[in-house]
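Read through the structures below before going on.
Consider the two complexes below, in which chain A is the common component and chain B and chain C are the respective partners.
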Partner chain A sequence: MNLVINGQDYHDIPVGITVAGLLDHLELPRKKIAVERNMEIVPKSTFDSAVLSDGDRLEIIHFIGGG
Partner chain B sequence: MTPHDIKRYARHIVLKEIGGPGQQALLSAKVAIIGAGGLGGPAGLYLAAAGCGQITLIDDDIVDASNLQRQVQFVHTDVGMDKSIVMADTLKDLNPDIKVIPKSERLDAQNASSLLSGHDIILDGTDSFETRFIINEAVLRLKLPLVSGALGRFDGQVAVFDAGLETPCYRCLVPETPPGAETCAEVGVVGALAGVVGSMMALETIKLITGAGETLTGRLWIFDGLRAESRTVALSKDPLCPACH
Partner chain C sequence: MPKSAEKNINKLVVAGREFESRLIIGTGKYKTYQENADALVASGADMITVAVRRVNLSNPAEPMLVDFIDPKKYTFLPNTAGCFTGEDAVRTLRLAREAGGWDLVKLEVLSDPKHLYPDMEETMRAAKMLIDDGFEVMVYCTDDPVFAKKLEDMGCAAIMPLGAPIGSGLGIQNPLNIQFIVEQSSVPVIVDAGVGTASDAAMAMELGCDGVLMNTAIAAAQDPIRMAEAMKHAVIAGREAFLAGRMDKKHYATPSSPLAKEGMISTPDSP
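After this line comes the complex of A and B, so read on.
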């Protein structure tokens, strides 16, 4: 299936992949980021169960904490 | 309002979203700003100018020369002085009608509730995730709205949390301190970004107080300064949030 991640098209993503699976696939550190799916933040405790759908638009948001 | 108030706040009063009642609400509002730095500076300056009735400034830091590139509430002769005390004087000069209370102490788990209670709105412009978590837990206990801002490099984020049972809190977004969390001292921050993000925090606070428009409650505003782009996304309550579930 196809996903759009940070505005970039990704093809050949396995059907049924979860948010956690995708982050592992992309080698992204899950503790440092939030994932936005179709304009809504995915709660971190649901990363393992949140199954992505063909055509989902995702943004990887890095936490910042400076002031 | 006195004739003096009507003249001073004329540009607010003429706005249909603020008007006389909104300005009256601003004059009666009590806000606390934690962190008198890059975000607390512009947020405090604009809220003081707006006639926000009482502003408590909480920061135990002293002005360092490296702050002056972005913390425009300070001048070079302030280096070495208490941030909260210097900034309180600046805000009182800007608007003698308001009350400004400097608290030159570090907010921690022990003093958070007593420092923050009695205010209407809390603004978090601190530079540590641990302090952000303590503030989040305090506003949940006290059931106070939180305007949360953050900076790094060329990026800014602002969100509003309303301490409601069904709405997300800060830790629904950031459950734990990100490993290797970067500070502005380590990775840098472009000075003018502090003005953008701190002013956004002041604007959201003014909207909360006056009821104007739609606030960022339950939403996250993400500003990418390098691309000059921003997005606003919906936050979700995390069913396993360590702070609010």
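After this line comes the complex of A and C, so read on.
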């Protein structure tokens, strides 16, 4: 299935993947990031159970230096 | 003692949280995260501002800020830099809350990149949205006492007027306005932006501000770590001077030593 992650198109994502599975797939440390799915926050506590759907738009953010 | 001094003499208290230092530092523009972390230690600050951005998906192993500055040890104050509407600000800070798990945030809704002045109309709207969403809002604002009062009445946790444009290092351009804001406010007033060197930070504190927030003054100094330490002392010195209450200014000299002839040594040639 297809996802849009941080504005980029991703194809060939396995159907039924969870947010946690996607983070592993992308090699992202789940403790240091936050995820928004179709404009809604995905609570960290639901990463393991939240199953993604074809066409989902995700934002994955972290903290960087700023004033 | 001025009203603001009675609020809390020893510690900065924002939204019920106590901070040992009255200096808050930004984490932008440092050469490396390590330099940033070293400057933070030298500054003695216990709160830092951070920005929220997309992770770099092409390099997930890239070093992250939290690898160098421990969020368990320091209070991260996520900002809304880059947001130009209330909706963007709320969306950004909801993500920050999920990433960090805290609700104390810095709202800044900027306008023209040339002066980066806060868009106060949009700042007011965003502040209301954030407060309604359960955030404790420390708000970057113009040094206009009228807007400052409106933001306080709305429920903002701290009022953070600019001293001068962001990153300008020009020092406090309108001390009178800062003083008006300090006198009228019952929440902390923190000068945010415009500090260039230690005397600017001391001046903010001498005016009765509860704290100072700075980024470029430290990050862009020739020796950021040394400047961080200078700022630590400046904020303490300015605060102490404010609490001590300065002497009255006079137009003419008053001698520090007795001028009377009596008791002076003299020679036969003395007039």
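Following the convention adopted for this analysis, the second predicted complex is superposed on the first by the 62 of 67 C-alpha atoms of A that agree within 3 Å, B and C clash if a C-alpha of one lies under 4 Å from a C-alpha of the other, contacts with A are read in each partner's own complex, and residues count from 1 in each chain.
In this section, a contact is a pair of C-beta atoms (placed from the backbone, for glycine too) under 8 Å apart; a residue touches a chain by one contact, two chains touch by 3 or more.
If you're wondering where the values come from, they're calculated on a predicted model, not measured in any experiment.
*Asks:* Which partner chains sit in contact with A:E36 here, chain B, chain C, both or neither? Use first/second/both/neither.
*Replies:* Once the two structures are laid over each other on A, A:E36 reaches both partners.
*Asks:* Which partner does A:E27 contact after superposing on A: first (chain B), second (chain C), both, neither?
*Replies:* second
*Asks:* Report for A:G65: first if it touches chain B alone, second if chain C alone, otherwise both or neither.
*Replies:* both
*Asks:* Quick one: is A:T46 in contact with chain B, with chain C, with both, or with neither? Answer first, second, both or neither.
*Replies:* first
*Asks:* Could you figure out whether chain B or chain C reaches more residues of chain A?
*Replies:* Ranking chain B and chain C by residues of chain A touched puts C first.
*Asks:* After the superposition on A, what does A:I17 contact: first (chain B), second (chain C), both or neither?
*Replies:* A:I17 contacts neither chain B nor chain C.
*Asks:* Touch test for A:N6: chain B only (first), chain C only (second), both, or neither?
*Replies:* It touches chain C, and chain B stays clear.
*Asks:* Which parts of chain A are touched by chain B and by chain C alike?
*Replies:* Of chain A, residues 29, 32, 34, 36, 39, 41-44, 59, 61-67 contact chain B in one complex and chain C in the other.
*Asks:* Help me check something: in the complex, which residues belonging to chain A touch chain C?
*Replies:* Result: residues 5-8, 26-29, 32-36, 39, 41-44, 59-67 of chain A touch chain C.
*Asks:* Quick check: in the complex, which residue numbers of chain A touch chain B?
*Replies:* Against chain B, chain A makes touches at 29, 31-32, 34, 36, 39-46, 59, 61-67.
*Asks:* For chain C, which residues are in contact with chain A within the complex?
*Replies:* It comes out as residues 26-30, 33, 36, 49-55, 57, 60-61, 64-66, 76, 78-79, 81, 91, 94-96, 98-100, 166-167, 193, 215-216.
*Asks:* Quick one: in the complex, what on chain B touches chain A?
*Replies:* On the chain B side, the touching residues are 35, 37-40, 124-129, 132, 149-153, 155-157, 172-176, 178-184, 189, 220, 222, 231, 233-241.
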